[in-house]
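For reference, chains read A, B, C, D and E in written order, and residue numbers begin at 1 within each chain.
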Amino acid sequence: MTFLFYLFAGLAIGGAIGVVMAKNPVGSLLFMVTTLAAMAGTFVLLEAHFLAAIQIIVYAGAIMVLFLFVIMLLNLGHEYKADLRGGAFSVLSFGLIGAIAGLLAPEISGAEAAPGPGAVAIDAAIAEHGAVGAIAEPLYTTYVVPFEITGILLLVAIVGAIVLAKREV
Amino acid sequence: MQLDFSRQLHFFWALLPEIILCAWAMVVLITGVSGRFKDAENDGGDPSFNNAASLGWLALVGVLLAAMANGWLYGITEVGRDSMVAVDGFRLFSNWVFLLAAGLSILISFSYVYRQRLQAGEFYGLILLATAGMMFMAGARDLIVIFLGLEVMSIAVYALTAFNRRDRKSAEAGLKYFLLGAFATGFFLYGIALVYGATGSTNIAAVSRSVASGAATPTFLALGITFLTIGFGFKVSAVPFHMWTPDVYEGAPAPVTAFMSAAVKAAAFVAFLRVFMVGFDGAYETWYPILWWLAAITMVVANLIALVQSNVKRMLAYSSIAHAGYLLVAITASNETAAAGLLFYLLVYTVMNIGAFAIVIGVAHHAEERLQVEDYSGFGWSQPLLGVLLTIFLLSLAGFPGTGGFMGKIYLLQGAADAQLWYLSVILVLTTIASYWYYLRVAWFMWMKSELTERQHALVMVPLPMRVALVASVFIVLYLGFFPGSALEFARASVEGLGVMGAGVPGLGQ
Amino acid sequence: MTALLDSIGYSGWALHALIWLPVLGMGLVLAAEESKAKTVAFWWSLGVFVLSVGLWWAFDPTVGGMQMESTTPWISTWGVNYSLGIDGISLFMVMLTTFSTSIAILGSFNYIKERERAFYALMLLLEAAVVGVFVATDVFLFYVFFELTLVPMYFIVGIWGGERRIYAAIKFFLYTAFGSLLMLVAILYLFWKAKTMLGVATFAYADLLQVPLSGTEQLWLFSAFALAFSVKVPVFPLHTWLPDAHVEAPTPGSVILAAVLLKMGTYGFLRFLLPLFPVAAQHPTVVTTMLVLGVIGILYTAWVAAVQPDAKKLVAYTSVAHMGFVVLGVFALTVNGLQGGLVVMISHGISTGALFLLLGMLYERRHTRTIADFGGIARVAPWFATAFVITALASIGLPGTSGFVGEFLALMGAFETHPTLAFIATLGVIFAAYYMLPMVQTVFFNKLEKDENRQIEDLSGREMAIMAPLCALMIIIGWNPTPILERMEPSVRMVIERVEDAGVQAATSDDDLQVVVAPPGEVAPTVTSPTPGSGTPEDADTPTADGDE
Amino acid sequence: MVTEALVLSAILFVIGTFGVLIRRNAIIMFLCIELQLNAVNLSFVAFSRMFGIEGQLFVFFVMTVAAAEAAVGLAIIISIFRHYETVNVDSFNLLKW
Amino acid sequence: MATPLLALAQGGGQAAAEAGHYEPFLPGLVVLLPLLGFIVNGILALQHGRASADAVRRGEELDLGDASSRPATHTLPTWIGPGVMAAAFLIAVVNFARMYGVYLEEPVIVRYWTWIASGTFTVEAALQLDQLSMIMMLIITGVGFLIHVFSVGYMKEDPGYPRYFAYLNLFVFFMLVLVMGSSYALMFVGWEGVGLCSYLLIGYWFSDREKSDAGKKAFIVNRIGDVGFLIAMFLLFREFGTVDFVPVFAEAETLAYAGGLVTAITLFFFVGAIGKSAQIPLFVWLPDAMAGPTPVSALIHAATMVTAGVYLVARSSALFALAPLSSAVVAGIGVLTALFAATIALKQDDIKKVLAYSTVSQLGYMFVGVGVGAYAAGVFHLMTHAFFKALLFLGSGAVIHAMHEAYHSTHSHEDAQDMRNMGGLKAFMPITWVTMWIATLAIAGIWPFAGFFSKDEIIWYTAAFGGAENAPYPALYTVYWIIALAAAMLTAFYMTRMMVMTFHGENRTGAEESKALHEAPPVMWIPLAVLAVLSIFGGWINVPEELQASWVGLFGVLPASEWLHHWLEPITAQAHHIQEVNLGELSHYSPFGGGEVLWATISTVAAGIVVLASIRFVGGQKVVPVAQDEKKPTGFAKVLANKYYVDEFYDRFVVQPIVGASRFCWKIIDARIIDGAVNLVGMLSKGVGWGVSMFQTGTINTYAFILTVGVLAILGVTLL
């Protein structure tokens, strides 16, 4: 378990670094897919099987393809020079991010965060409703309002995307 | 009628204004794409009553219907505090502000839409949807709902910002807004996650209980509060999260800027207030210094930069940042007076800001031209009525007696007084003095500089809807300036049911 | 006269009318034809003045407190009332305002040649606001009017002013707003204090007088209020807005500025500063500071005035010197001093207003204000010269004019308590001659060399009608100020008694009123600090202390 | 493991942030933002081990939001590309100061 | 009109004398009449001014040469100006007649209205009638009337004629307020009022810049003194709560003798007196004041206004008597001024300048008188001086008038006032010559002219004061005495020099011009004659009792021994009482032995010798007219001719520094430092705003970076 976790973690971090550093946008995208897949693995390890599936299908499958589609559309796939910011800016950014990481990591790792009653409740729910049902049940009862808002959100996104991406009025 | 959220239908009633708006947005969209209203560009004629304008009027009807629903909700009482949706005075008051902002923004959009030949259906539809998103935020008692409402609003506004596709400034503004907005959303979301991690819930009431009882994990809570502050700080454009604001406000279509600066900010503040004052009440000591500094820096920096702006839209952008600073004082104060002050101020700010933008739109004929202060030379004398109106709006923005802006500022200061934030109050008034300079600068160009040619100012376009908006705005600004009593009382009453506040917080509860 | 007033039921409504009639008149002026605007404005303001004259008889000179009071709730949520009233201090300020406005409007007939409607409308608006300042008995209402005066003045200076009008207007605006906004915080502190200590939300002046304040609080609040009013007065070194504003303002603007707007500051001293913060007001350091500033104002600005090449700027600087006498009188904290200060206020309003009018008339004729451009004008304009000399003499406080009575009493009052400073201030009498006479000489006397000056016309009938009442008042007040003094005295006594009572209490009690003697800035526990961390403004706002946890 | 997951989440978040700071390509920047969102998702999942199924629910919502943002965001990028023929954010500085 | 008035006077006077009390007769009218004259003349003047202004605009001057063509505005003042003065004088005489013979212990106060009533301070608009104010009233209205009459002739061709009379009337009004006011406050009204009129009249010909400057200088220097007056008043008020004469003097003795307070009060009063009476160091304005019309110099700068300081000290005798130091200062300043001004007068060539310095010098004598406790003597000299100095000035006026017309006839621009251009005028204007010689002998202190009695008395008292039992600084008074005597000799010399240069020897006016020289018209010489009579006999009212039997009193022939002393007794009694208590009886003392008669003889003989010697000496000197005079004085004579460079000194060390400081205050402190600070705040704000806005680069990465900085900052705040 632990080994697997660290493997996935290593993959995820490596992929993330790849996203940031890759010269070619397509490369970035592929690194991103790697990361997403590795995270799906950690989801599995955290007993979130349904989410792991969604992660692959929706994120890696749909959203990333959308990105790829746009990169291709804009014909950016041929760029092989890094557009990393250079010089002082990146050094400063690096320092800044390092500082933030230095503040965050000890705080988070130092906090007590052991699997609690939630793990038990999830196991029970999965046992009762199955992996999908465990999520679906609250989604359509307690969280019905946010769920409906999600619908509106998608409508907005569609309208926005259409209006902006349309070639000419 | 009493709502019982164990029945799902009751969510429908509780969210009636939002639902009406969303539904109406679809109506507008569909009408817009239907053949008859499709052609916005070559129907010519009166910008008040052409095809595109019909959609505007249609959208206004939606706003009106939502407003009716909002009024109807006053007869509703709710049971239980842990529901996802609040039906309290606070939300309803905020809804009034959003609807007012939306209505006024639509009214001032007519000439812009006409001149820029925008797709009216989508434009008005997105405004309605954004408004709905704001209303979700205001009514949310759950961080997730706030987040989703925020996203509905934001995505709609991203689209609106980049809406004018002929204008590269608009696109640039859209990209900047979008990228930075999404960036901030990441922080915001991380904040929600951490709060969830700290308290085990995203429901504000539950969070509040957990925080007050001390059950929340302090590390996560502190981090969560930090990141939520950043998220909200971005949306309300508090320094140093304000960097997008001037560029976006300058680049976005002027009516959208008006809408953004008033309504988006209002929504963010309302949610900000509910989350921090209700949810994190028990952790006041943690976040109050952050907000104190945020408020102070925001007021100072925004007002100082605004001094050197020569573009009116950009100046108004910095002014809106400055106003965010004033409003942050209310959140820092975190008591009932401050909350009521915030609501009242949002109302006033919405009206006066949109009023000012209305005239900016009128002056900036055709594309986004004629936005420099110099372009206002002698404007007052060639268009005396508009000049007077703009002067009143500017004075109100500056917080001058006789206008609503003054009363709002007083209310904020009272809130600060109740929390004994004297230094912050002093910073507020001192920065206000700086703000006088740039507001009056417009006034001096208008009235004290030599006139431009009559012809130039004759191009100012003020169609009927904008006139309606202007009259309404100036009426409200002056009414609130001279007879603020009922509105103040209304704002005060609106925050009464907000929830636990002031317990264990120094300077509160007197 | 009293019977006549009774027959028309003259009472508190008159105060309301004095505020709102000018507003109505503003509407009328805007509605009038451009060419008729000035006539309408003048007769309307004259009517307002006539109405205000009734106050003289309706006023009961034996009462020290507020009279003709009326109160209407305005913003009940905050306990703000629209309440008006006058006492012996404000009575004359109101009358001075209405009088000066009429005169200024009459004096601007030739000066203002464009955008007349807007100009006269703003003048009337200004009148309404200034009257409001003087009759408001609710601190909030006072503040509203106090700030409102800025807007019309800003536009009057900025639109109809001289070359650097915008600079002057904005400087005037920001300078005065700077002080008054800090006062606003202080007012809200008082309000908050009243709410917590008395349990009522109120801005009423009478209620705020009851708020118990510790010595430290008094000092802080005093400073804020004093700053606001000192800018307005203006007290050295906060005076530099005034020469600019005066020089650039059109004649009527200068007249109103000198005659009434400056008085708002000293009025504030008397109405708010002393009664609200009596302990701070008699703190030796405070008193000495204010007196020293007053004395510096008298001498320093007299010197600066003396070397001005611009006549209007010279007169502007003399305003500062005159107001220095007021400050001196007020902070002498004696009946004579206060009364003297009040008379100086009235006298300065009349004489400096008249000087500005006369300089304006000169400017209309010659289109210059540089002293050296004139010379020998008395030969071609004897009435003009006479009016000017009378006014100048009243301004430098020659006995037999209004200026003397005020300065004399103010100095005398100051002498009772602070002889050394009063002694130095008395030297100002010399420097008054030092700045005024050379100007009079260079402008009106000497050889009539320039041909332009040769063609200067004497006073016209309208101008005589302006100058006659002004000169008459200067001399009448100079010879018989008693009717004015006796009306002021009860009110002035109330102020003094309040200050003295507080002084006695402070001396006898051993609560933290004694803190007064400690330097400001030291932390003193306040009465209302149930929870740690609240209390004084100092420690409530230091988040770093909290953030470190 | 929950703690480790949280730390991983934090690390990914920080890397995403770093990416936003130093990349010039708007699409890559956006990609980094997506990375941040994913990092948060990981936190949610980890926390759901402590408190229950809601955490996983939130991930669901976040994904929707990410999708919506992607749609609009990419549309905006396309839109701006039409004006500038590039997605390099350094080019977009018509609006400044 | 005059007859019933006299009847009134007689009737009232007799009745009053019988009843032992005094009934005031319309004192208000005395004051009011000149005021009315001022108002009427003033309006006439303004109307007249309009007419001449029109002429000026046309580039002409009003032609007033022909008497018949003069407008009414020009002729009416001839009657109004002197008319009101005559009426006022008559009423004053009536009042005097009523008071005469009554020993009035308490002054009579006539109240009109409450002038200022504020809190603890009240002052009435009230006139005080007592022996001192009565004398002053008579001098002012009497001499004033004569000078008004003289002015009719002197000024008749002046375009500003009505204005002149307006000012003159106003002056008399203020002067009367000064002497009749019942309180220091009211006195101060007159005090500053006369200063104002002096200013207006000195600068009467305001088109001439120098004259205008002189007026301004007079006003400002006077104001310096006025400040002293004011402060003294404030001190009095602080102590007594009132500034009315009666209560102040009643309470005066509660002050410690020679105490700091009373010394301060009196010294400050004396500062006022110095200013008004042109003593060292504030005398500089008086010589310049000669820029005014000559009758003005006679009235204001010789007879009345400048003596106000003496009046003030005499009036406050009760206070000064309590302050021996102040008294010593008064006398010291007086004697120094007497000598100092006399030396300057030696080398002056301008006839009016000589008279001006002579006035300063004589005023010094008066101060010596009041400084040594001889208040009555001071007032006495004031009175006689009013006669002969007014006469001298009017005489010089007649001379200048004649000279002016002479030069005018040939359109010459020679100086009509310079004595070097005169000489031999006695042939042309005999009356003037005679009357002026009378006045010269009077001022020189030649027996039996008026000046002898008054001056001699002062000198004698100076010595006597030093000889008092507890005299504070006995040696000092001896010095004073010597200086006073020396100055008297100088007086005799320079006055004789003036007379000789003007009237004797060759005429230097010029051949053409001298044809136009002529005697003054009657309207001018009659006042001269009247004053000449007064200058002869005026001194006889106060012949010292001890000397009455000697030759000085013409062995008892001269009447009214010490009448004035007795008359002023009620005023000075308190002071004398205080003096007696504290100093003891004044002894009949002379520093170098010898009796009073001896010293009186010595002084008059010495003066006589000086006069005769100077006639020879000056007559023997060759005087050249100004036009040919190229010889500049050298050495000490140059110093004297340049008035010890006092004006230059003041200009260099007082005026210039103040102007410089003023410029510094304006240009540096006000404009740079204070306003600079204000503008700096504004500029700094803008600068900071501009600087901060530089972060707004337009690049998204920067924005994100700054956002992240914010994140770090907040994290730091929360976590650290």
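Following the convention adopted for this analysis, a contact is a pair of C-beta atoms (placed from the backbone, for glycine too) under 8 Å apart; a residue touches a chain by one contact, two chains touch by 3 or more.
These numbers were taken from a predicted model, which means no experiment stands behind them.
Peer 1: Determine the set of chains touching subunit D that also touch subunit E.
Peer 2: The common neighbours are A, B.
Peer 1: Among all the other chains, which ones are in touch with both subunit B and subunit E?
Peer 2: Both subunit B and subunit E are touched by A, C, D, going by the contact rule given at the top.
Peer 1: Report the chain whose mean Cα position is at the greatest distance from that of subunit E.
Peer 2: A
Peer 1: Using CA atom means as chain centres, which chain is nearest the centre of all the protein shown?
Peer 2: Checking distances from each chain centre to the full centroid gives C.
Peer 1: Which pair, A-B or A-D, has more C-beta contacts?
Peer 2: Comparing A-B with A-D, the pair joined by more C-beta contacts is A-D.
Peer 1: Determine the centre-to-centre distance between subunit C and subunit E, using the mean Cα coordinates as centres, and give it in whole Å.
Peer 2: 40
Peer 1: So how far apart, in whole Å, are subunit A and subunit C when each is placed at the average of its C-alpha atoms?
Peer 2: 68
Peer 1: Need the CA-centroid distance for the pair subunit C / subunit D, whole Å please.
Peer 2: 62
Peer 1: In whole angstrom, how far does the Cα centroid of subunit B sit from the Cα centroid of subunit D?
Peer 2: A distance of 25 Å separates the two centres.
Peer 1: So which bits of subunit A are touching at least two other chains?
Peer 2: 85, 89, 93, 96-97, 100, 104, 107-108, 111, 113, 118, 143, 146, 150, 153, 156-157, 160-164
Peer 1: Which residues of subunit E are in contact with two or more other chains?
Peer 2: In subunit E, residues 682, 693, 696, 698, 700-701, 704-705, 708-709, 711, 715, 717-720 touch at least two other chains, as defined above.
Peer 1: Provide the list of subunit B residues touching at least two other chains, using ranges where the numbers run on.
Peer 2: 144, 148, 151, 155, 158-159, 162, 165, 174-176, 179, 183, 187, 197, 200, 222-223, 246-247, 289-290, 293, 437
Peer 1: Where do chains touch, given as pairs?
Peer 2: Contacting pairs: A-B, A-D, A-E, B-C, B-D, B-E, C-E, D-E.
Peer 1: Which stretch or stretches of subunit D touch subunit A in the complex?
Peer 2: The touching residues are 1-8, 10-19, 21-25, 27-28, 30-32, 34-35, 38, 41-42, 45-57, 59-61, 63-72, 74-79, 81, 87-88.
Peer 1: Once bound in the complex, which stretches of subunit B touch subunit D?
Peer 2: Subunit B reaches subunit D through residues 144, 147-148, 151, 155, 158-159, 162, 165, 168-169, 171-176, 178-179, 182-183, 185-187, 189-190, 192-194, 196-197, 200-202, 246-248, 250-251.
Peer 1: Would you pull the subunit D residues touching subunit B in the complex into a rising list?
Peer 2: Within the complex, subunit D touches subunit B at residues 6, 13, 16-17, 20, 26, 29-30, 33, 36-37, 39-40, 43-44, 46-47, 50-52, 54-55, 58, 61-62, 65, 68-69, 72-73, 75-77, 79-80, 82-84, 89, 92-96.
Peer 1: Within the complex, which stretch of subunit E touches subunit A?
Peer 2: Residues of subunit E touching subunit A: 701, 705, 708-709, 711-712, 715-716, 719-720.
Peer 1: Which positions of subunit A touch subunit B when the two form their complex?
Peer 2: 104, 107-108, 110-113, 118, 141-146, 149-150, 152-153, 155-157, 159-164, 169
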